[in-house]
Every structure is written in C-alpha cells, then in structure tokens.
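Per-chain numbering from 1; labels A, B and C assigned in written order.
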C-alpha cells in the first residue's frame, strides 16, 4: 500500500513520542509523572492507529486506555501511601536492562528479516460497520460471548476481593 | 447461528448458567451448606450434555468450536475435577460468612474457560478462554484476603499478565506471517516448510509456548507456582495444579498438532529441552521443601516436565496408526488428576484438623490416622510412579512414547528424575510412618472431604490395577487427532 | 482517516451546486478554500503543493476558527449564566459594563489577565502549569466533528460520537494533574471526587448514546442529524435523553453534581490553588465543555441543524444549544447539590439500569420495525419512559421518605473528611 507523505510524517512523530514517553514511564522516579507519560504513550498509539486507517480502534484506544485505565491507575496511585518517595531502586535494574536490550535486538532482527504477509486490499473507508460485521459473524461471536462472561467473572472477582476486612 | 451450534456449545453454556444460578441462589439461601450440594447436583447438567455429545465429530461457529472425542475427553475430565474440588471445598468455603456462592461460581466459570480452551481452534477465542479461566482463578487464589493469599493473588495476576502479553505478542506475529488466526488456516497459510526459515513465525511459536507454559507451570514460567500454591486456599491449589494444567496441555496439543503440525521436527526439540529443564528444576527444588504445599507445587513443575515428553514425542506417530505421544499425555493428565487431587485432598483433611501444612507436623500420622496416612502414601507412590498405582502406567506410556520417537535421552532423563523425585516423596512417607507422633490425638475424616478423598484414591487404585479402561478412552480421544 | 474526510481537499465536481453563496463561502469557508486551492494545483499533482501540506494548513486554519468560536462563546455563556441566575434569584445580574452588561466578560477577561499568577511553593511546578492545558485541550478537540450546518464540519469523522466521548474522557487527567500537583488536600479531594464521579457516569453516558446510534446506524454526527428525518430523536428516545442529560450534567460537574467544587467543603475543589489566567483557562475549559455538550445533545436528540422553519442551519443549531445551556442553568438554580453516596447510587442504581433498559427496548423496536418506527410508538415511548423512571426512582428511594441512611463507602469518607 502506498503511504502518503503526511501519513509518514504523522507516523514518525507518533512513534517517537510513544517510545520516548514509554521509556519515561520506566525511567522516571516520580510515579505520578510516570503515569502521565503512560497516558501520552497511549495517545500516540491511538495516533498510530489513525495513520493505519483504524479510526474506530483509535477512538476506543483513547476511550479505554487514556480515558479509563490510566485514570484508574492514577486513582490507585493517589490512594497509595508514601507515594512521594517514588519508585524504590531495584537491584535487578542492570540485568533487567540487559534482558530488555537482548529482547529488543532479537525482535528487531526478527522483524527485519521476516517476509510479512502484506494485505493488498485498499484500506476501508469506514471501519466501524466492517468491524461489527466481523465481530458478530459466526466466526467471532463465540469470542465475543466469552469476552462478556470474562468481564462478568472479573467483576465478580473484583466484588469478592473488595469486600470489607471483617467478612 | 443455528441451534445446532448452541447444542454443541451446551456444556459450556450450562456450566456458566449453573455458575449464575449458584451466585443468585446465594442471595436467598440461608443455609449455605446447601450451595455445594446444589452445585454438584446442577453440575450433572453440563456433564450430561458433554456425555450426550460423546462420539460426535462436528464443528460449530465456522469451525472455531470443535466437538470431538478429544475435547469431550477433556471436558469430562475438567467437570470431574471441579466436582471433586467443590466437594473438597466445603470446609474451606464455610469459613466465609458471605460470598460462598461467588466462590463456587468462580470455580465454575474458570472451568468453563478451561473447557473452551480444550475445544476451540481459533487463537483469539483460545486467548479469551484462557483469560476467563485465569481471571476467575486469580480471584479464587486471593479469596482469603489474608497476607499470604493476597500476595499469591497479586503474583498470579502480575505474572499471568506478563505471560498473556508475551503469548499475545506471539499470536500477533503468527497472525502477521499467516494472515489468519484460525489454527486450520494457519497450517495452510504458513509460507515455509521449516520454522527456521521464517524468524517471526519461530519467535511467535516460542512466545506462544511461553504463554501456555504459564498455564501448565513449566519452565520458563514456573516461578509463580510455589508462592501461589502455598498462599491460595488449598482446594484452589488442587484445582489449579490439575485443571489448568490439563486444559493447558489440551490447547498446546491442539495448537501445535493442528497449526504447526508441519514443523513438528522443529518444536519437538523445543519441548524436549523444556521437559528436561522443568522436571530437573522441579525435582531438585522440591527436595529442600518443608511445606507440603510447596513440595507439591514443585512436584507439579516436575510433572509438567514429564508430560511435555509426550508433546516432544510427536515422531512416535506411526503413519495412520496410533499417536503414542498425545495418548500418553491424556493418560498422564487423567492419572495425575486423580493422584494429585487425592494428595491435596488428604492434605486438606489433615491440615484442617492439625492446622499446619508443614511436613514435620505430619509426623506419626500413621498412628493418628492410619487411613489418611495410607491414602497419602498411595498418592505419593503414584506420583513417583510405582506399580500398584496409576502413576506407574502413566510414566510408562510417556517414556515408551519417547523411545518410539527415537528420543531415548528424554526417557533416560525422565527415569533419572523419577529416581530423584522418589527421594522427597518417600521422605514424606518416612515422616508419617517412622517419626514419633507429637500427640496421640486422632485425626478424623469428615464426610464431604472423605467423599472427595475416596473418589480420587479409588481412581488411583482402580486405574492402577486396570489401566486399560483409561487407556481405551485416551486412544479413542486421540484417534481423530489432530481434529 | 483519509485526507478528504476533513472536507478540506478536492471535492467532487458539482459538490457546491445548489448551495447558497452564504453556505459556500460563509459556513464552508475552509472547505471551499481548500477545494479552490486543490483545483488550482491541479489536484495533488506532483510538483504542486503536496496534498498533505494543504491538508495541514487548512486543518490548522479550520481548527483555529472553530476553537475561536468556542472561546468567544464562553464569555457569553458565563454572562448568560450570571444573568439567568440573577433572575432566578430576583436579582438583576451584571448590568454595569456596557449595554445590559454585555461587556462584562471583557472586563472579567482583562481582570484575569492582569491578575498575579501564583504558583504554590510546594507545587509540582511543571505538572501544575500543564494541568489547565490538559484540561482545556480535550474540550476544544470535542468541537472538531460537530456539524454546525450541512457540510460545515471541520472533521467529518466516521466515528464522530465515539471520538467525542473518548477525547472528553481525557479531560479528567487534567483535573487529576491540577489536584495532585497543587499539593493541597482540598485540591486532591476535589480531583478524586471528580474521577469517582466521571468514571461512574461515563458508562450511562455512553450507553444512552447507543440507542441513538442504533436508530441511525452510524456513529457519524452528520449522519445522525440526517437520520432524524421527520422528528428529532428525542421523540423516539425519551428515556435515553433523560439518562444522557443527567449523565452529561455529571460529566460537566454541573449542579447538582458539582461536589468537586463544593465550596462549603472543599473551598473550590481541584483548582483551589489556581489564580490568574491559569484559573481563567480552567474556567474556559468548563464552559467550553458546556457549549460542546450542548451541541452534542442538540445533534443527537434535537436533530442538530434542522428545524421546522426555513432558517439557516447554524442558526437552528445555535438556538438549540442556547436552549440546552439555559436548561443547565435552570437546573443549577433549582436543584441542591447531592451527597457523594447519593451521586454514586444515582449513577449505578438508577441511570445504568435505565440506560440498559433503553438499549433493550430500542433494539426490540428496531427489530420489530426494521423499516422505520411507526408514529404511535412516540406516545408509547414517553409513557414507558415515565413509568420506568417512576419505578426506578421509587426503588432508589428518591421519592417519599428516605428509608435508610446509607453509610458512605470508606473511600469517600476519607475523601470528605480530612
């Protein structure tokens, strides 16, 4: 598929912002700022979805990740005591970084050396209806239903675990 | 969606329905003791549906859900396991004033997820089923909300999250190379003849193995096992060690035979190496344990290693003939279910009375309760793999499969590990029979847990003496494999 | 989204036919300009100005225009609120600066800009300064897909309504940043209350939209307006409208849900420490959100730019927005503030079930009449909505005597008491 100049520029801006802010999440000592950078990372990933013509996914990414998950995350941070002390230093920092670097190298080598299956079809103009058709098609309706039971189980689990100390 | 599809899905639908019913009934029923009984009675429904489907070879939902003897085998096994665990849970669950219904409900939902894992052929559906079982299990692990239980729950949550992420990444790579998430179509669309020719496919497969490795508690995702098993309520530990392992192997067999069957020579070596590392690691670490639940946790890692032999022994498949590897896996999983559940149930029965799970506190158990000591000894002997118990046959079939597949070194590694494992299993038996008892107080068996112990140990003994009943089922279940 | 989705690139031939001059150049100034530029370059031919540059320039210019419309609206919404509140309270309201007090907002603006801008010494200064921006930007983003008149859309998004819900939910991060970085417990309590509120009310908000989306079969706001052929969606969706209005009030932190700035408890919530133009920016964000959400309500439920009388579309739209804003002000003047636990109960036990019922009923109606709902369903819907609301309200204990005092959950106790 031909990628326009504008889309390329947008992609590179988003990609750099996503990577830089994601690195900030793990490098910053201040947990609150780390959480804010996580939001930035989520938003730039939503931007990357837009450059991929996946507008519905992009909106959902913003709604769920930037709008809900990160807010709950920050909420949890605010409810945590001693949050001012920030991230404790970690003995495993050096080995962790080493493993991360190894994984990164492996992934880059793999991604560069692989022949990916590229779609030759033109991107859809409107993805929402197509997504819905696929999601409720006979093939994926089972996954859809499992997801609803999964959410229910998660909710029941949360209710059980959030019960008072006395019970 | 035709009605026939719903009928084929009926075991899962009905088990989730039973979970709803139990959770709702909990709101009205005053005598909470009725809940487990009702659960067991209602479990007859999914069991009935499952058995009624035995013998059908059909697909539903555009081939996503497959109903064959293989999946039915696992569904029956899983429903059996959850029934036994519900029976054995009664005393544990009675400790809560509220949320007993949720406890049973979550157990059933976890089972539904595991049943779907064994019966689906599409990566996204498999992933969601896996998460359904894992999330329910996390809540169950942390159910006590005391320090240890919460820590276990947290560890389980974080590590399952990491492993899920890795597995999804692997699935995404497979999707990127093949352009489909359906196992059957992956097999058709895979562009190369060897995994080594396509690095992304190779890495994707490795990541998927890592993700399922978490479920079956094999290397390299074994580190959560001891802590989680120790802190979780013991019935939940028993459930996790057996049910989640069984479903994990079911899905591994399905994915690798069906989607990556052409690359078997590539991954059989991978599984062989993982098998040896898992069993050695589990056995060596188990030697130093003083807590019986931690010991059984490490032993579960070792057993995951033994079962992986069956996956590695893919070459044992005679063309058009019997597949020794999968047969051995199915046989071993069932044998392990009986044996390990039995061991855990006896531990529950003893620990509920003496209030300790330390091996040294089991001293003189042969005097305090000859029956329980004898049954625990039987289960441990079965875990070693000594003749009168079913564990012997299980190991025999697996090692035989390895030999048939020209992987003698695997069989040898398994044998050496069996010898090592005998050391720590026998130590428990030694403590129970030869150490002096601290008190003469008798340890009595209460009816519900006694029923559970009786069910499982009978199985250990019966299939130990007459293994062909079980083997027959295992052979029939794998006859159409990969389906 | 492809470039032409923003209606700034080359339009197909004949696109402008049949539109009045005013529509061509007035409302659609930027699309028309983009079209002209595009044609002048001979389409996106190599050698001319590249397509993406036109897109970027016109996008920025259009964004500038729309943002300014919103920004200029804010002072007059504030003035309207002060005037109306005055009338509700038998006062006159601001009437000194300019004719009828019309220049009052200007005076306020000048005052704010010349005020000292104080940053607390113990504040997290970077986050403190960024918070007002993070609060206001999502609100301004909300205006992009709003259709002011036929074709007068800055970004004609396919996922329009979902986009709006998504970006507005990000505004709460700004609230959090302000509350946290002020290093002041009242600010923090205010921020935490907002989040508890918004997380709870976002669910009924989105679910109430689902009914409208099902009727139209599109998330696109222009398509939703076009879909309201003869009557506005309000008539088909009375229950959804009620739920949406209440949820929007909560989302806007308007009375009776303004506990984040409950002055008697929390001074003024998360922006206690803000002063000068930073406070002004937060104020702009709050009132721009009111304008934006009024536009969304007008679009979703009141058939947007359409109206029964021949009047330009944007006038209808602004008229409807004004009505809704006045409604919000009326509510603020009438209903006393709710307690935290009452708000939670209302959200989870009243609005959420109602929104779900609305989805089920709407789905049933569409299933029964796939070719368009019959007219007799309108009174039925209203009767049904009245019954459901009455029953749900009784179950919630809003009507009659309160049956029991519900103790606040521990988390809110810590928030309320310091």
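We adopt the following convention: a residue touches a chain if its C-beta (ideal position, glycine included) is under 8 Å from a C-beta of that chain, and two chains touch if they have at least 3 such contacts.
All values reported here derive from a predicted model rather than from experimental measurement.
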item: Central chain (by mean CA position); value: A
item: Farthest chain relative to subunit B (centres taken as mean CA coordinates); value: C
item: Centroid spacing, where centroids are CA-atom means, of subunit B and subunit C in whole angstrom; value: 52
item: Subunit A and subunit C, separation of their C-alpha mean positions in angstrom; value: 27
item: Averaged-CA centre spacing for the pair subunit B and subunit A, given as whole angstrom; value: 31
item: In the complex with subunit A, residue positions of subunit B that touch it; value: 1, 5, 9, 16, 23, 61-65, 96-99, 102-103, 105-106, 109-110, 112-113, 116, 120, 122, 124-125, 128-129, 131-132, 135-136, 138-139, 142-143, 145, 153, 173, 176-179, 182, 189, 191, 198-203
item: Subunit C-touching residues of subunit A, taken from the complex the two chains share; value: 4-7, 9, 30, 32-33, 36, 39, 43, 50, 53, 55-56, 58-60, 62-63, 66-68, 70-72, 74-75, 78-79, 125-128
item: Subunit A residues within the subunit B interface of the complex; value: 106-107, 109-111, 113-117, 119, 137-143, 146-147, 149-150, 152-154, 156-161, 163, 165, 167
item: Contact set on subunit C toward subunit A in their complex; value: 1-3, 50-53, 55-56, 124, 127, 157-159, 162-163, 165-167, 169-170, 172-173, 176-177, 180, 188, 191-192, 195-196, 198-199, 202, 218-219, 411
